[in-house]
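In order of appearance the chains are A, B, C and D, and numbering begins at 1 in each one.
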Amino acid sequence: MQLWLIPIFPLAGFLINGLFGRRFSKALVSVFGIGSVALSFAWALKTLLALAPLNTAYSEHYFTWIQSGAFQVNWDFSVDRLTAVMLMVVTGIGSLIHIYSVGYMAHEHGPNHGGFYRFFAYLNLFMFFMLTLVLGANYLILFIGWEGVGLCSYLLIGFYFDKKFATDAGNKAFIVNRIGDFGFSLAMFLIFKTFGSLDFGTVFRQAPAASEAVLTTIGLLLLLGATGKSAQIPLYVWLPDAMAGPTPVSALIHAATMVTAGVYMCARSFPIFTHAPAAMDTIAIIGIATAFFAATIGMAQNDIKKVFAYSTVSQLGYMFVGVGCGAFSAGVYHLMTHAFFKALLFLGSGSVIHALSGEQDMRNMGGLRTKIPITFWTMMCAAVAIAGVPFTSGFFSKDAILFAANHHAPWMYWVGTLTAGITAFYVFRAMFMTFFGRYRGNAHPHESPALMTGPLIVLAILSLGGGFLFKIPEFLGSLFPTLEAPEDVMLMVISSAAGLLGILIAYVMYVVKPGTADSIAGSLGGLYKLVLNKYFVDEAYDATVVKPVVNGSRVVLWRGADAGLIDGTVNGIGTAARAVGGVLRQMQSGNIRSYATWVLFGSVLLIVAMSLSGGLR
Amino acid sequence: MAAIPISWFLTLSAVLFALGVAGFLFRRNIVTVFMSIELMLNAVNLTFITFSYHFKSVDGHLFAFFVMVVAAAEAAVGLAIILTVFKNRSTLNIDAIDSMKN
Amino acid sequence: MNVILFLIFAIIAVVCAINVVVQTHPISSAISLVGVMGSLAILYLLLGAEFIAAAQVIVYAGAVMVLFIFVIMLLNAGAEVKQGRSVVVHLLGVPLLIAFLGLVAYFVQRLFPRDVEVTFGGFTGGTAQAIGRALFTTYMLPFEITSILVLIAIVGAIVLARKEMD
Amino acid sequence: MDSFIVISLIKILVVFGVLMTTLAYLQWVERKVIAHIQVRPGPYRVGPHGLLQPLADVIKLITKEDLLPSYVNKPLYLAAPFISVSMALLSISVIPFGPTIEVAGYHTWMQLTDLNIGVVFILAASSMGVYGIALAGWASNNKYALLGGLRSSAQMISYELPMSIAIAAPLLLSNTLSLRELVGTQAGGMLHWNLLRGPFPQIISFIIFLIAAFAETNRVPFDLPEAENELVAGFHTEYSSMKFASFFMAEYANMITVSCMATLLFLGGWDAPWPAAYGSSFVPVIIFALAGLIALYHGVNAVRKRDKLTFPAFGVIFLIIAAIFVLPIVQQWLLPLFWFCAKTGVILFAFMWIRGTLPRFRYDQLMGFTWKFLFPVAMLNLLITGFLVAWFTK
């Protein structure tokens, strides 16, 4: 079926734009940028239709990549239903965002006056790595994609590399992800040691036979990797900063696709996790904690992209709850619907920012409903979806997760429902602050071009209808172990009510009586400050991890160990060596032949030593 | 069809190697010294091939093959260096090339 | 027959090797070295390494040694000048060599008793096919790395050669 | 065992005798061909149509004074022609001229010996041939000779690369290194020859092989080492008499070797271009009969006086040969031999034809041509071939 064609198109696009884009016109760059991804989407669609029922995984072997003793890694791609979902999400949303980007980046020059082609080259490279990640049939190829998307994320966050905050954010993302990758690498080593292979098929076939302790360790290490990539506690801190990149990047990489790689990886490794309940519990707890925690931070943010960034973290937490509760298909379901509505939210906010010529602070917005109606209505679709208003896509996926959570541990359900309410609140707070009331800024808002609104409309339809258009749990039912989570109408009603309540509170606080928010903030005082400052997590990390490392490096390692101990030792040795060298200097005649004699002397000595020690028996 | 003890091959290899070392030690012409190195490499190759026979496995041949490739690369670079040295110092005497001494 | 063949070519090899060392003129040394390589190639055939034997002739005798002769001709290197300065070599060289050879020969004789023997045709795994198969499966990575090494050598040689041009 | 040695000895004698005669007469053929290209009769005095010229040449070369210049490096000076000629002859020993023949109950191949690395053996022998020329140039202690020797060895080393790579491509199709099996894999007519065989016809590598072969044998347009107007006579300036003749023998033997190689590698060896069912076995008969008839016609309508005698004689000889080819007993081994010789002969003719046509390269053009053009093209051809072979044999 030539699966390799799917990722190769974006790679070709990357090479063409990256190598020659500087000389191309913007139109030509756009053609290659969009064309490659669209071709990839078309080919993926054709492949999947041809493989239609796809009850069992279909894989293709290309070549043996590494062979070293028992260690063998093949360059294999495989497609099963999970991959099919991911392929469609990645290429479909990727295509839409590429189209959007042409409009969004039209006025961008970026530093180094090569911004436009550079942007599309990176974006295409990202698509290539993401598709490799999704298609790879073993952990190492997945890891290549994993690292590759990390690289592209770094490049794109730091896209405006002439601004310090952007490069800092890029570095932060890269370094924080390293911690996760460290866990992932360790997990791979352990997998290879345990199963003797990195191949998904081989590993999963043997997984039930392995001991639970080993599987739990592997699971936890994989989870460490996933928390890094998918921005979960404790490694979520990079994602909000990652908003320094252009908005389409935030939509594609930091909302729809890359950050969900962790969820995908956990879902992919379900045979390991299902045999490691402790790891599953950890996933669920981390997920629910992240979901709640990030949602509360989201309530107090004023930067429109930051709100959605924390919302992403929170929603990713939801997905992990689903995965951790054993409802893998629900997690993937939410992954897909989230990709729709969160991409839409980001693209919409990008459209708002575009309309206001770069303004991101919601306090300087307001009343944009009439000025940019298409953006408003499409974003509204996404907002109701994320708030879990009944029969939107978010409603289905969120409820699927919450059922599983209730089945797993009722308290998780309640926290989840509370989070859903908070989510609805802050999303609508953002909506109301942006689109309602009167305009507080001083730019001249204008509606975005059709290139940008087109993708918005498509995504709006998907956000509203994605829930019943794509019944992911049924589609993936055969793949994952089934979970008997009874559908309880009561639970459904409660969670929907929480969402609606959140919307209502937001409406009251920001539309009916616009002053309430400030007075409540004032009365809560310390708590509000805590939330506004994101619980001082960055500061805490700075104080507990970064500072000690830096200071420790400076004082202990540099002054103490390096200057004192090592330099001292080295100098001491140097002095000693010079003294000895003074004697041995006679040997260093500068004459090659006498050196050779010494080498011969040494080898004779070695043979004698070996025979004396019994090595030559 | 009498058979040859395998130690004969190894001894021959040792003799050739020792002759290579001798060439390295006692010759002053840099080209000859270089040829002595090739002689040593050849002696080692003979050992590889002999062991390959001994263990009835093709791996020794592969090692010999790699030695040859590396020797070819080494000869190309080494001779280029010799040419450069000769160009700069107009001597091939290895004892005269001792700038590292000071 | 085996023994005779071995003895003939072993003696040729040793004589040529001695000639490499004692000849004062580099070109005579080079020709002697070709002789060593040729007789080694025949010994390889005896050991069942037909491909390596051919490669030995093509690569070593056909390419590397031609290069040597080339350089000798280019430099028009005459017989070497005697101006020995190394005391160490003169004092230690011969005794060390004898010790080295003696030790190695002794251990070889002790470790490989006479009953481990070589006959022509005793090992037939050295065909081009077998080597190719091993080279492109087990030794794939070393092979690739070697090719990079050769590339580096080519570039290095060209750079060195260019430098002396200007 | 004994019969093996006896048969081998007989074969060696036969091959050696035939080869030596061929070498001598190749010289005659070449002179004739060149002469006719230049519209002159060529050797004509010794024997009918100069047919005894080679004999006269041999006598002349043997009886000439054997000079030993005083400043030469004696051992190498003497060894060089010997190395040249022995390496050239060595290659012939593995070349098969035809399938098995049966003589007095003994089956044997028309080949001295078959190596399963025959192709590599020939490459090895030809790479050793460089020494003869390089040492001749150096040992002569003459700057023209030295320059010729250097040029020639550089040229031979350089052209060996595209040649080996060009050889590798058909080997990929045939999947063997044994020359005998090589022919076996090409059996069944012209379309199975490596030259025209799928998945990738080796026309490019055939051309590269031929070009490299011209350079390897130091033939026009690559005869820089012997460029008379620059280097007097190149590496054999100081040689005379039989030693000089040795170099010529080596050159012609090399020509024969590479022609045979081209025949074996690309042209299907001794296989007929189309199956005997379609009448390929009558081709030699027709050719010789036609040649005989033409000779007879010219004998009858003779232009010169002596032609009245010689042409009818030739005509009769040709007709007799044609008649021999009709005999079924000899057909089974004579036909393959005919095809092999015919193919080799065509390539040898191309050697002479090109010598009569093309001018000489300049030295930098020569080196640039191989490194910048032939080598990359050969490499590309090998890559494509390898890829297609892997693709189609999967």
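In this section, a contact is a pair of C-beta atoms (placed from the backbone, for glycine too) under 8 Å apart; a residue touches a chain by one contact, two chains touch by 3 or more.
This structure is a prediction, so every number in the text was calculated from the model and none was measured.
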Where subunit A and subunit D overlap in contact partners, by chain label: C
A-B compared against C-D, more contacting pairs: C-D
Chain centre separation (subunit A, subunit B; CA means) in Å: 55
Chain centre separation in whole Å, for subunit D relative to subunit C (CA means): 33
Geometric centre distance via CA averages, subunit C-subunit B, whole Å: 5
Rounded Å distance, subunit B centre to subunit D centre (Cα mean): 37
Interface hub residues of subunit B, defined as touching at least two other chains: 21, 25-26, 28, 95
Junction residues of subunit D - those touching two or more other chains: none
Junction residues of subunit C - those touching two or more other chains: 51, 55, 63, 74, 85-86, 89, 93, 97, 100, 104, 111, 138
Chain contact graph, described as a line, ring, star, complete graph or other shape: other
Interface residues, subunit A side, partner subunit B - complex: 588-593, 596-597, 600
Subunit A residues touching subunit C - in the complex, by the definition given at the top: 64, 66-68, 587, 589, 591, 593-594, 596-598, 600-601, 603-604, 607-608, 611, 616
Residues of subunit C touching subunit D in the complex: 27, 31, 34, 50-51, 54-55, 57-58, 61-63, 66, 69-70, 73-74, 127-128
Subunit C - residues contacting subunit B, complex: 1-3, 6, 10, 13-14, 17-18, 20-21, 26, 29-30, 33, 36-37, 40, 43-44, 46-49, 51-52, 55-56, 59-60, 63-65, 67-68, 71-72, 74-75, 77, 80-86, 89, 93, 97, 100-101, 104-105, 108-109, 111-120, 122-123, 125-126, 130-131, 134-135, 138-139, 142, 146, 149-150, 152-154, 156-157, 160-161, 163-164
Footprint of subunit C on subunit D - complex, ascending: 73, 76, 115-117, 120-121, 123-124, 127-128, 130-131, 134-135, 137-138, 146, 149-150, 153-154, 157, 160, 177
